[in-house]
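As written, the chains take the letters A, B, C and D, and residue 1 is the first residue of each chain.
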Amino acid sequence: MMEWLGQFNYYVFAILMMAGIYVAMSRGNLVKKVVGLNIFQASVFLLYISSGKIWGGTAPILGDGLTQPISNPLPHVLILTAIVVGVATTSIGLALIVRIKEAYGTVEEDEIAEAEALYEEELIRAEEAEA
Amino acid sequence: MIEHLVPRILAKLLIPFILLFGLYVQFHGDFGPGGGFQAGVIFAAGIILYALIYGLDRARRVITPGLVAFLVALGLLIYAGVGVATLLLGAEFLNYGALDSHDPVHGQHLGILIIEFGVGTTVAAVMITIFYQFAGRLQITRELESDETDDEDGEEEEMTGSPQ
Amino acid sequence: MSVGEWEALINVVLLGLLLVVTFGIIRLRNLFGVVMLAGIYSLLMAMVFTLLDAVDVAFTEAAVGAGVSTILSLGTLALIDSRREKIPFRFQFTPMLVALVTGAVLLWGMQDMPAVGTADAPNQVHVAPYYIERTPVEIDVPNIVTAVLASYRGFDTLGEVTVIFTAGIGVMMLLSSMPVIGARRRRRRNGDDQENDT
Amino acid sequence: MMDWTVIASGVLVISGALLTIVGAYGTLRLPDIYTRLHAASITDTLATFLVLAGLAVPSLVAGEWLIAIKLLFVLIFLWFTSPIASYSIGHAAFFAAQKPKLDHDLTDAEGGTA
């Protein structure tokens, strides 16, 4: 009945995961990196939930006179907790970005590396001056 | 801070219903979609809305950061405490059937209700904490910047040291 | 058309919108826009979850992803005071290579997977029927997700709550100290001056 | 379930969906933020009313009052919140010194809707 769809959801999952990896790796801006990681994370959610679905089924809530098949509740449980944990860890990432901005005055990766190199250079210079 | 009259009035109307809906989702999670995770987030959203509209200081006066920090730990303790209680009652860790000596199914109901409450408490408190930290940071950074520039009189909000 | 076919059709449309929003996120440089698109992405994801019968998950995604997460991202943007990405969009070879290799491996691994939504897929016939049949007998709550989450896999959930607790403590530790603005920025400015002097 | 309930709910939902499309088109095509906001907020109020009414018809006919009452609450909530969202966006745009576009080709009547 549903042959024309096939593994469409899984293909979308693969594309979203590729997009997430690409954003997280290629963009220098830390906020954009975090958004990329979120896309990556949500693609995994999509994979799990898709694997639990039965076409024409219903949500795993029991009721009287239920005739349809029930979709698999187990992926729902795993992803439900993963979403809340995901936002908690994202907030840690955002807090780190805030601290980085305060310390370096920028959230661009290359500028941070530059500032760090200058800082280390200066430390070495100060040590040499002391010696 | 610009006075937003319309959102203020509407927030006054809506926040009680948001909190009520949070409680509904919390305790109706056995029967419909919902549970501790969702309820915690909804409850926290109500508090965050209050803080966004009436200002962080007033929100901190209503729900003090100390209370929130206490609740963060309390929720987890409730959850783990149920596990310890079932251990003491002679069953496995988190086997709620032991909570009611006559009817294990009723024990399961009770256990699920209690641990969902623990989950909801921790999630709500953590979300509120995270928001307080970010918003408090913003407030303090703004004050520091206005101290540095000194060309405009900063907002006359009392500074409470660390954004705890 | 049967109910299932309509579901599949709506599913395709929503996933298409999801892809469009994703490429918008990749291309856009305005960070405010990126955060807003991320919120839309979460809402679309919640709609897909509703369609795929995961109502609890959709509920959480809508409240967390589109609500709290967006507020936190906007707060971060206000704190870091950065409106635009510095570097414009351009093609980068290494990340693209990594992404393509990942995608190829995923597609290769997915060949053996059953089509989406088939009732006789392996994960529908082994563990799921156990929970669906035993829940009314052992737990007796209508919502199977709650039963599995809180009772069958209660230990797992305890771990998740601990992670959330730890994350809250982590944010508290990171952000509750008094800010030291530009601890390394000033050094950098000194460094620049010295370079100019020499 | 009788046939006319399907037709009635279908007509309501589809007209709501069409209004949403009109609103989306207006959001894209109108010249400045205030007129776009106008288009978007029409979608928020009338289109959601039509869609939710369409959803409520079958459950009302089947006598499931609880579902209809829940949908009513959703509607009330949306009617309270989405004008506030529009108000906040308009307010923010005004204080960010966004000037409405007053082209000389626009007549006063069209300017009034902005």
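Brief remarks on what is shown
We take it that contacts are C-beta pairs under 8 Å (C-beta built on N, C-alpha and C of every residue); 3 or more make two chains touch, one makes a residue touch a chain.
Just so it is clear, the structure is predicted and the values come from calculations on it, not from any experiment.
Chain C has the Cα centre that lies closest to the mean of all protein Cα atoms in view.
More C-beta pairs in contact connect the chains of B-C than those of the other pair, out of B-C and B-D. Rounded to whole angstrom, the centroid-to-centroid distance between chain B and chain C, based on C-alpha atoms, equals 22 Å. Distance between chain centres (mean CA atoms), chain B to chain D: 32 Å.
Separating the centre of chain A from that of chain C, both taken as means of CA atoms, is a distance of 5 Å. For this pair, chain C with chain D, the centres built from the Cα atoms lie 29 Å apart.
For chain C, residues that reach two or more other chains under the stated contact definition are 55-56, 60, 64, 68, 72, 75-76, 79, 142-143, 145, 149, 157, 164, 167-168, 171, 174-175, 179, 181. Shared interface positions of chain A, i.e. residues touching 2 or more other chains, are given as 59, 61, 80-81, 83-84, 88, 91, 94-95, 98, 102. Chain B has residues 31-33, 35, 37, 41, 123, 126, 130, 133-134, 137, 141 in contact with two or more other chains. All chain pairs that count as touching, in label order, are A-B, A-C, B-C, B-D. By the touch criterion stated above, chain D contacts chain B in their complex at residues 77, 80-81, 84, 87-88, 91, 95.
Residue ranges on chain C touching chain A, taken from their complex, read 2-5, 7-8, 11-12, 15, 18-19, 22-23, 25-26, 31, 34-35, 38, 41-42, 45, 48-49, 52-57, 60-61, 64-65, 68-69, 72-73, 75-77, 79-82, 85-87, 92, 94-96, 98-100, 102-103, 106-107, 110, 113, 115-119, 121, 123-124, 127-128, 131-132, 135-136, 142-145, 148-149, 153, 156-157, 160, 163-164, 167-168, 170-171, 174-175, 179-185, 187-188, 190-192, 194. Listing the residues of chain B that touch chain D in their complex gives 2, 4, 6-7, 10, 13-14, 17. For chain C in complex with chain B, the residues that touch the partner chain are 55-56, 58-60, 63-64, 67-68, 71-72, 75-76, 78-79, 138-143, 145-147, 149-151, 154-155, 157-158, 161-162, 164-165, 167-169, 171-172, 174-179, 181.
Considering their complex, residues 59, 61, 80-81, 83-84, 88, 91, 94-95, 98, 102 of chain A touch chain B.
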